[in-house]
Amino acid sequence: MSNTPSPFRHRRRRNQTPTPPRRRGRTRWLLITPIVGLTLIVLGIVALEAAAPQVDTPDLVVEDLPPLALEPGRSCTRQTDDTTAAEIRAVILPGARVSSTQVFRCPAAYDGLEVSYAGEVVGEVLPRDGGAWAQVNDDIYALRVGPLVGHRELDGFNTGLSVWLPDGLHEQIEEAGRAGRRGDVILIRGTLLRTDPDDGAGLTIRAEELEVVAPSVTIEDPLHVPQLIVAIVLALLATGAIVWSRIVARRF
Amino acid sequence: MSNTPSPFRHRRRRNQTPTPPRRRGRTRWLLITPIVGLTLIVLGIVALEAAAPQVDTPDLVVEDLPPLALEPGRSCTRQTDDTTAAEIRAVILPGARVSSTQVFRCPAAYDGLEVSYAGEVVGEVLPRDGGAWAQVNDDIYALRVGPLVGHRELDGFNTGLSVWLPDGLHEQIEEAGRAGRRGDVILIRGTLLRTDPDDGAGLTIRAEELEVVAPSVTIEDPLHVPQLIVAIVLALLATGAIVWSRIVARRF
Amino acid sequence: MALRPGADDVRLIAFYLGKVLLGLGLVMLVPAVIAVAVQEWNAATAYVIGASLCLLIGAVSDARFATRRPLTWAHGMVIVALAWLIGAVFAAIPMYLSGRFGDPLAALFEAMSGLTTTGMSVINDLDHTPIADDVYRHLLQFAGGQGIVIVVLSLFAAGGSRVATLYVSEARDERILPNFIRTARFIFAVAGTFLVLGTAALFVALLSAGFTPGRALYHAINLFFASFDTGGFSVMQSSMIYYHSFAVEIVVMLLMIAGTLSFGLHFALWRGRPRDVFRHIEARTLAITSTLFFAVVCFGLLRAGTYDTLDGLVRKGLFTLVSAVSSTGHQVNVGETYLTDWGVLAPAAIVGAMAIGGMASSTAGGIKAVRVGIAFKTLLHDVKKILLPESALVVTTYHAGKRRILRDETSRAATTILLLFVVTYLLGAMVGLLYGEFDITQTLFESVSVGSNIGVSIGVVSPEMPRGLMAVYILQMWLGRLEYVAVFALLGYLFSLARGQAKAA
Amino acid sequence: MALRPGADDVRLIAFYLGKVLLGLGLVMLVPAVIAVAVQEWNAATAYVIGASLCLLIGAVSDARFATRRPLTWAHGMVIVALAWLIGAVFAAIPMYLSGRFGDPLAALFEAMSGLTTTGMSVINDLDHTPIADDVYRHLLQFAGGQGIVIVVLSLFAAGGSRVATLYVSEARDERILPNFIRTARFIFAVAGTFLVLGTAALFVALLSAGFTPGRALYHAINLFFASFDTGGFSVMQSSMIYYHSFAVEIVVMLLMIAGTLSFGLHFALWRGRPRDVFRHIEARTLAITSTLFFAVVCFGLLRAGTYDTLDGLVRKGLFTLVSAVSSTGHQVNVGETYLTDWGVLAPAAIVGAMAIGGMASSTAGGIKAVRVGIAFKTLLHDVKKILLPESALVVTTYHAGKRRILRDETSRAATTILLLFVVTYLLGAMVGLLYGEFDITQTLFESVSVGSNIGVSIGVVSPEMPRGLMAVYILQMWLGRLEYVAVFALLGYLFSLARGQAKAA
């Protein structure tokens, strides 16, 4: 090791005695090990994840929903493209079923319209004076493949709308979705408000009618046995390593 | 005048003798004069322009043109909004008349379509092998109010399309528009190319039929007499001032 | 640094990185225990695997590379830069095992996003995610925000003095107490106080919002981590929309503001010196820019007709702005609606606020108010110099704890980092444009959001996003958190290593 | 400058401004004569009025304020800043009288656009504009581009030495010859040579494009002024589209590139030292950035499917890029189609190229390649300093005529101006967004285009545009041309004046 603080190492190298080869070799080893190790860990994890037991969820498809008003629905931009909003608004019939994705693509088009909406209640139903708030998702996990438990049909984020359920409606909901459980799927009819004054200008549907289309379903996540075995082995190894390092540290 | 190079003048002022009032007054005068003068000049110019003699041009409205395919025509954005282009394209009937503004709002929608187009030939017709290029404007100056000469019906930029007129067609054009002349107004039918390979990927119409809808018209710009008088007076004054300043300069 | 590093240097770095992994392993034990408690067995085994790997490697490096060699400044930089990278890789292991990410890159994105307190998420089906996974995601923000690196090192390393250098390289250069350990303890005291008070306040607000006590506590703890550490992850995909509660939003806003205050200002408040806060260049810059941006946001939202009530301007406009300035990333709107329903001006103002970000020496990201303030003072200084005769001495001062004279090196450092941030924002936006799916509003918004470790999303970041763009965003989060210097140091180090290796080969 | 200016100072400034007006008056006589020749009587009287006003005021100030007091640096700055403002006001007079502008502000916009060689136009019905008006608009670019201020002063002022200071304040700080008068003469020699060669080449190209000899000459002269002075006005509204000729486009591209070369590099070429050009930091920066931007433009256009032939990439993509880099503003596409038909990436790359602009000491606008190059070197320098021990001496060099050492002041000046440009671009875009009619792609494109004195338009600038935005753009053109310093000096001067007046009242 030299102390010359120069970036032009190659120019100076000739005038120096070469670093001892043994030490250089050790540096290389110290660099290669972590890279190889990391690669092995990543490959192992990927293999482990691929070995996870899978579950079939065809019985979670919600059927008999009214068709969507538009598919997929155009985007508009407030201010610079208000005509698109007007055009969309013109073709939505009263009470037609909308999807959350459609609405987000052009909220102005649906403001104040009477619509239908179907989806799964997730999280919890939050009771307030005169009713309750519910988050109702209409994504693929809610209506088609069920919660991401034991299967790998990934389809992106959850999407859904906030729904206000007045007293008399929210009592019909038995369970909301959470890990390992698809909540009640409900079909509602109500008024879509782009800036609901009772929700701090949030986008909501104020439901007037509610029907539970599908009851909640609990899905067992099958135990991933290979993962359990790997966990036990690694945990033992780690415990051993920690004990060993404590012993070494006392000596150090 | 002090030589203290400090930005905090107000702190120091008390310790100084005030600047002589006469000089201060002259500075103020030197600053006010140009502002008052400039204001007077601007007002005078505005008044002069307002006094310009006006000409009526109702006889320049071109009538009997086929109606436009779309009015006003939606905008699309290549790549992020190609569906709009497809929707526009779907409603354009073969040979329908398009406007240049429409086309620029969504060139992809019209690419390769057979269209009609009407407008005034401006500048010059540029003969090439086998035909000629013409710039054909369909703005308000071309089709409604005539060139901006002697009237003040301002309506923004010229807009128009490049048109390729094969031999046999361009000979029908007698005169192109320029200052004080509205050129021949032609109605053509042809194929719109978004990226014409024979024009370096320019947007063109390759005409196949041509009809002269209105012949060229020359418009006299009436002499603005007050402006002439002002010009003569100012020119005399300026000459005098220059002579005087030369004399002063020689003395200086 | 231009010295060719030898085996000793590599051992030293490995030793400290091992310490970091030990810390991360301990963090992972928390969700492992919770998973067992709530009987989420697959999650439990995943966290045991992650924790075991971290602890195993940490313990081995601890035993094999133990050294008393002092840390140099260069070592500190390299360790910090690598710690965030390797930390994110190991943190991603249990995430990937959850099966909620399409590929390891997405899991790495999520882990880096948590550790850097960015809070952008690419998790699939968040609303059905096991409790252990949720807790872990939120805990990562706390670990990263309170500086896993510093904390771990200050706990494990024998003496505090030699790790103080790490503290500096993580861009938290304002040492508020002379002793490093005491500084760390103060930071913990502040975080602890806020943890207790903030969680309690959130608990009450959530109870009144209709939650059961158990769920209220669960949400309160997660929300606290996401807010005070300016992270921005959320338990539900709908983020703040889920709560429908102004009270919750107010507590969260206060926590976000607390999180973006620098430790120095916390110290001043703690000691009862509020005047120090108001005079501080960083507080002033943030107050002025935020007020301006809020005015623009309000104008934009009113003009576009998005909101026409005070409610809308405060609960949507102000909240989003505070979320952006504090670089938290909680959303009160669905990302896509910024594009479709906010007009053109308000999102631009949010981008501006995000670019500046919060205060240095906090968990906030972005260019940082202090740099913007100093760059502005530098401009004023240069203009003044133009206006005065060459012989005049121009002195510009600013308050930062005490009255300081603006020195050339300070100016230079501030503008250099500012420019680097701006260039990164633009390059990130350019890469986004390469895909052709997004327009410039979207790519600029998202690039600034990840580059500043904010986490407000306009919809580009999603589980299905292009993987190249995802990799670029991971890089931007890492660069933004480290504020470039440590990364440059790492690159220089690798360069000298490679040169050394090349000769030996 | 902080001295309270007295009557003597105001007289001195008035004296030199009078000289500028004299020069402008002479310029206006050219279209007056042409108008008489082609019997455009109303145009003739308009130009006589404009010229007479300029000459009258110029002569009076010449006679009344004649002085032998030396010019200080401060005076020079103030004169330059005011000269562009007052020059634009007077240049707008005959424009407004033409009846082709809705209000005086629009005429002022056109005049400022011409003088600053921006080339954005807001004229109504350009295709039917009298010949005299066309010639005048193009002549203004020559007058502004070749530096009406310097030229007039160097011709009129008694000694050359005391006006050299003006030269510096107009951001053309590279004195290529020791003697100012000789420098001016060299600039004229270059411009004259290019005028003859360029016009001849254009004449031939236009003849082969189908023009009659008379019209070919007319177009050739106007095109030359618009191209070599990097102006960008055009005789026809359809700009370059009108010619349908690759030959014309090639000559115009060469002239634009010649126009964006700094006088220093012209001198090197003139003296047969091409190596000086290739080593020059500015030439290298421009070569690298332009190549990168061209690659991005091509990728964007191909990916969006806008063009799929070499023809399209060269005649549309490359031409637009050269037009942007040289800050000329000739268009081969209708402005709106950049938004509707160019995808998202290519316009962004054009914005980037416009922001950088051309070379200093040329008629090009923008941040200037030299500042970008030096800012980049500064970043490298700072990174190197991080990588080396504190004791190490880091020296960075660059070529600008000769090998130079990068000094701190150079770095600081470059980054400060760079930041000012960026801030102005963003503020201009923000003001555009305030109107709500345009989206961010449009306002950013247009703001950068006017702020850099480019003139490529995406369609925001038009005769009907909002007047507030028009005023902001006028300000941006003025600031961009003067590169801020002279404007700051003017503001400081006015500030001290106002203070003096307030006390006297």
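As written, the chains take the letters A, B, C and D, and residue 1 is the first residue of each chain.
Everything below uses one rule, namely that contacts are C-beta pairs under 8 Å (C-beta built on N, C-alpha and C of every residue); 3 or more make two chains touch, one makes a residue touch a chain.
None of the values given here were measured: they were computed from a predicted structure.
S.K.: Note the shortest touch-path length, in steps, from chain A to chain D.
M.R.: When the steps are counted carefully, the minimum from chain A to chain D is 1.
S.K.: Hopping along touching chains only, can you work out the least number of steps from chain A to chain B?
M.R.: 1
S.K.: Weigh B-C against A-C on C-beta contact pairs and write down the one with more.
M.R.: A-C
S.K.: Please compute the C-alpha centroid of chain C, do the same for chain D, then give the distance between them in whole Å.
M.R.: 43
S.K.: For chain B versus chain C, what separation do you get between their C-alpha means, in angstrom?
M.R.: 52
S.K.: Between chain B and chain D, what is the separation of their C-alpha centroids in Å?
M.R.: The mean C-alpha positions of chain B and chain D differ by 21 Å.
S.K.: Touching at least two other chains at once: which residues of chain C meet that condition?
M.R.: Counting only residues that touch two or more other chains, chain C contributes 2, 303-304, 343-344, 387-389, 392, 436, 438-439.
S.K.: Touching two or more other chains, which residues of chain A qualify?
M.R.: In chain A, residues 5-7, 75, 77, 79-80 touch at least two other chains, as defined above.
S.K.: Take each protein chain as a node, join two nodes whenever their chains touch, and name the resulting shape: line, ring, star, complete or other.
M.R.: Topology of the interface graph: complete, with all chain pairs in contact.
S.K.: Of all residues in chain D, which touch chain B in the complex?
M.R.: 2-7, 10-11, 14, 25, 40-42, 44-46, 48-49, 51-53, 55-57, 59-60, 62-63, 66, 89, 93, 96-97, 99-100, 102, 104, 124-131, 209-212, 215, 235-238, 241-244, 246, 249, 303-309, 311-312, 314-316, 332-334, 336-337, 339-344, 462-464, 496-497, 499-501, 503-504
S.K.: Please give the residue numbers of chain C that touch chain B in the complex, ascending.
M.R.: Checking each residue of chain C against chain B gives 384, 387-389, 391-392, 436-439.
S.K.: Quick one: which bits of chain C touch chain D in the complex? Just the residue numbers, please.
M.R.: For this pair, the touching residues of chain C are 1-2, 77, 296, 299-300, 303-304, 343-345, 347-349, 352, 375, 378-379, 382-383, 386-389, 392, 408, 411-413, 415-416, 418-420, 422, 426, 429-430, 433-434, 436, 438-441, 443-444, 485, 488-489, 492.
S.K.: Please output the residues of chain A touching chain D within their complex, sorted ascending.
M.R.: Its residues touching chain D are 5-7, 77, 79-80.
S.K.: Using the touch definition up top, name the residues of chain B that touch chain D in the complex.
M.R.: 1-7, 9-10, 13, 19, 21, 23-28, 30-31, 34, 37-38, 41-42, 45-46, 48-49, 52, 75-80, 104-108, 122-128, 132-133, 135, 137, 139, 141, 147-149, 152, 154-160, 162, 177-182, 194-195, 197, 199-203, 221, 223-224, 227-228, 230-232, 234-235, 237-238, 241-242, 244-245, 248-249, 252
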